[in-house]
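Two complexes are shown next, each including chain A; its partner changes from chain B in the first to chain C in the second.
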Partner chain A sequence: MSKNTENNLHLQVKDLTIGFRTRQGEAEAVRRISFQLRQGEILGFVGESGSGKSVTCKSIIGLLPENVTLSGDILFHGKNLLACTEKEMEKYRGRHISMVFQEPMGSLDPSFRIEQLLQEVIMVHDPCSREEARRRSLDMLKKVDIADPVNCLKRYPFELSGGMQQRIMIAMALLCRPEILLADEPTTALDVITQGQILDLLRRLNDELGTSVILISHDMGIVAQTADRVAVMYCGQIVETADVQDLINHPMHPYTEGLLASLPERQTGGEELRTIPGTVPSIYNIPSGCTFHNRCPYARSVCAAEAPPMLMHDGREVLCWRHHERYQNG
Partner chain B sequence: MAEAQIILEARNLSKRYPVKKTGLLKRPSVLKAVDDVSLCLREGEVLGIVGESGCGKSTLARMLAWLIRPTSGSVLLLGEDPSGLSDKEIRKLRRNIQVIFQNPHASLDPGRLIRESLAEPLQIHRICSQEEAWQKSRDLLHMVGMDEDAMDKYPEELSGGQLQRICIARALALEPKILICDECVSALDVSNQAQVLNLLMDLRKKLNVSMVFISHDLRVVRFMSTRIAVMYLGRIVEEAGTEELYLNAEHPYTRALLSSVPAANPALREMRFRLTGDIPSPVDLPPGCSFASRCPYAKEECRQWVPERLTIREGHDTLCLRAGEINWKE
Partner chain C sequence: MTPKRNKLANIVRAYFSRPLNTIALLCFILVVLLCVFAPLIVPENYNTIHVNRIFEKPSWQHIFGRDRLGRDYLGRVLFGGRLTLKVASFATVIGFLLGTAAGILCGYFGNTLDTVVMRFIETLEAVPFLLLVLVFEIMLGLGTGNYRYALGVAMIPRLTHFVRAEVMKLRSQEYIEASRSIGCSEMQIIFRHILNNIFPILILQLLRCFAEAVLTCTICGYLQIGFTPPMADWGTLVADGYHVLRVYPWISLLPSGSVILTVLSLNLIGNGLHDALGQKQ
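And then the complex of A and B:
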């Protein structure tokens, strides 16, 4: 089965732009990004804070605040989610598309037991008898590796460790077997061993249930260990998309190259780490031309003058003049 | 080559906190935050301390800087034990040891100009006149790679990476011999993190400061340290030179930590050794090895005896009853 045919696309995002009206004026957090999520894949989004990863994720599930302006298309099996009313979105949220957030404790209502929290999800989307709901809850808790599910149902969120709470979040998100799971920095609040457990769990559930996952992380290591394909975001744009192996071994965009080189693990024998000079520009003051040109070691005059078009080559996408010229000249 | 002088030493350091009793007849419980830790820092060394949250890293760091008093055991700072000294003498001694904390936003007074924060240590220790203090602050800013424009800014006007540079500059104002970095790059993005790590390495060479470098991120600790101590539930379970630890870890916990590091290399996905369960509560620990409840190699005697610190090779100590017995290739 080819993964590339239209039918296997869960999600198609085209020219998505997300703007915020703020006191300092209008600012675009995400600018004309396009990507696709294929059935059964884990797509990683990586980038530094403020690059627009979370906002992109929240726009898919319709959780952005009032002061945003959205344009472009988010097609879920052909249906444009951006054109949906709030009422219609409620049908998708939790049922077809779910989300797991960074801070599990902030996302679980502290005044309900785990059983009530899980039951609520089922009752909203797929009403059934209480016994049935309990059976499904227990099933799901087993799937997310909770050692003693019966006991766990009786607990309040605060009685559980961070890792357990995140498992509960994932269980809640997957209860109605959604096609898409959005995971926004799901392990950032967790310790390294627990983080490993949760990432393994995400990969296993992706495999067993066939749920497609969008995994957001600022950590290239996490994405490399978990995702099938990776999109690198910088300053509100996707600057490069590729299969994980290709991206890590042969980064094309200078920003991706810089990100990888600045990882401490890539360094041996007391050498200096390579760094990306300068800082991420503010979204109120986005550079002209290519947004990365003022930090880019390869920048030339065209880079400052004109924004590069997306180059698609050999299953990869990259937003950079350098490669554009190379492939145009053969 | 003669061994460098020991400038900071901890001898059987423990910190216990009483925990509020939960029942009328129950005896109050004890939380052992740090339990019988001995270590030494030699001149020019960077000692990395790594462990999950709650393992006692920060408590240990604070005891080393004499910010909190140990319940038992002693600290020798440049050969002197601060416990017998007056406050005035302690202040004098403390010039030699400075701490950089995780969150630079919290460690700088938001109501003060950067110049005031930088000059404060010089004023407290009455080192120089106001004029000289300003000049020195300027030099410090240059040393950490910042413009002197920053002198007359407030912390909110600067980014996290810049603020952390200021904290480093302030810590260096007194020309300390020892720098304690407690998760000092954890709050930064990858590219800022790389810049700050390079800066620390550079300063270490230039100023010959010794460091205790604490982090939960093994990648960062590996890059910075010459020796690494691994902590679990208040104890140092393994200590060795950096390369030795990475190549020949003998404690199962160290092995688990190392294989949980999300390396930016998708090929390493499958070769992982995972622990199950969570770190137990440090309150009223059961007898025996504190890691036995999660250790896949634990035997009956591990639950009965507390292992003694064992030197397995020169400069490589571990706290495991089964040290040397386990075949890691299985």
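And then the complex of A and C:
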């Protein structure tokens, strides 16, 4: 990789493995995943519940519980975040890397007014006068499309609607102009109309401020509509990464194919909705070989026996024997 | 739609919307003022003995009458109240600060600290409150000043347990994680987010502790393990009048009435505040 492209990378995750020490033993929620986040792009993470999306996201900002074991590298501009102490991480959080949570209601402290919440972020990272902080808060509220920012500053979180609350969360997250915004299912708790507005907002802020975004969702539709690139996660692994158009038009991994085929928009009328047979394996009992082999329509003997290596081809990455053989032969 | 601007004003309004709350607060303020300004109110020194005027009935000069040594009983009761309230507030401050601090630390940080401290606290909790006060008092040495410490220390276990549970509830709230995600340090989270959110609960606990301290202080006095004569708190006064309850009932009834008035008004204030705080959202 040339030097120039290295500089465009905000975040480089290499061989990240996240395990939890639990009563039932050690469980690996994420296994040896690698991905990169380029400057100014929106990277979508799609996968079912328990596929490791949220955990990956929280490991970047260092918000995992204490019973976690981490290995691999998370390089932020060349600095390994996994090796950082808690004190060092506090400087990154909110300043360089921010996060927006799933539940906007629960994520805003009910005992403070919006003004105090926004001010707190500024005061933590670069203390300034109250007027300056107020000006910046108002600015940011305008950027996130709050209709009456002055009035909004005086309110308490519980006086606002869900969509407004999520806008405030986004405003808080972006107040110090971080390079990376982690959005962990930011629209799950919202209705469809508000969901669309929030996604548009994320897109626009990504354009305007140049913030790179990692967007996590279980909804292929949301990711397809918002992201530039998509990583599909299954059972703690990234099984496929590709530009969003390529992924939708030519899914390579059978799991991606299955996900796309089960979108209601893709079904012709009168048919029963298509699903992927079987269920996600428990993380205490991960199948041998390819983790998807017991649900895969193309599975062969090699799939159960040996884990496929990551195949990189034409800017895409896929974890599947089927393509591996094809491209090696071809 | 105009948002309700001032949270405090809402709480105050909700509190005073019930007459009983107002009465309770006024009663408590009255008791405190009477005790604080006792030296200005009493007609004569509460220690002056008049052997020829023992058990004089209440009159306009001496509205509480005189006790078995002919001392002005109004002075005895008010100065007794001063002593009781002083001891109770001192104990409450100690117990409250230590108990809350321990509860917050255990609840927030958990792990080994929590395990060690909580096992110790649970052992103490197994002992009834009054017994615990007595044990601490004996450990600290029986004497005039020590039982305020004993009372304070004995208050710690229950408070720690309670605060810890509340903090643990808060710790798992998403907004605590969210404030970490914007770069707040542990101390900022504890002092800003945790403390602000348990503040209403802490106020209620403070009132409860104070009421309990007044009561326990009285019990200690009644059992004659508080102060040595001629100093007397409400409990000692009640005990003094116990033997003459049938002939001179006011000797016992006046101080015990004061205790009841104080504790009852404290509990009513706490109850009213609880409801008022509950309405804020």
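Everything that follows uses one rule, which is that the second predicted complex is superposed on the first by the 326 of 330 C-alpha atoms of A that agree within 3 Å, B and C clash if a C-alpha of one lies under 4 Å from a C-alpha of the other, contacts with A are read in each partner's own complex, and residues count from 1 in each chain.
In this section, a contact is a pair of C-beta atoms (placed from the backbone, for glycine too) under 8 Å apart; a residue touches a chain by one contact, two chains touch by 3 or more.
As the structure is a prediction and not an experimental result, all values here were calculated from the model.
J.: Touch test for A:112: chain B only (first), chain C only (second), both, or neither?
T.: In the superposition, A:112 touches chain C alone.
J.: Which of the two partners, first being chain B and second being chain C, lies in contact with A:91: first, second, both, or neither?
T.: second
J.: Classify the contacts of A:199 with the two partner chains as first (chain B alone), second (chain C alone), both, or neither.
T.: The first partner, chain B, only.
J.: In the complex of these two chains, what residues of chain B are touching chain A?
T.: Chain B residues touching chain A: 52-53, 159, 161, 189-195, 197-198, 201-202, 216-220, 222-224, 256-257, 259-269, 272, 274-279.
J.: In the complex of these two chains, what residues of chain A are touching chain C?
T.: Counting only chain A, the residues touching chain C are 61, 63, 66, 87, 90-95, 98-99, 101, 103, 106-112, 120-121, 124-125, 151, 154-156, 158-159, 169, 172-173.
J.: Which residues of chain A touch chain B in the complex?
T.: Against chain B, the touching part of chain A is residues 48-49, 147, 161, 163-164, 191-197, 199-200, 218-222, 224-225, 244-245, 248, 258-260, 262-267, 270, 272-276, 279-280.
J.: If you look only at chain C, which of its residues touch chain A in the complex?
T.: Per the touch definition, chain C meets chain A at residues 3-5, 7, 111, 173-175, 177-185, 188, 192-193, 196-197, 199, 281.
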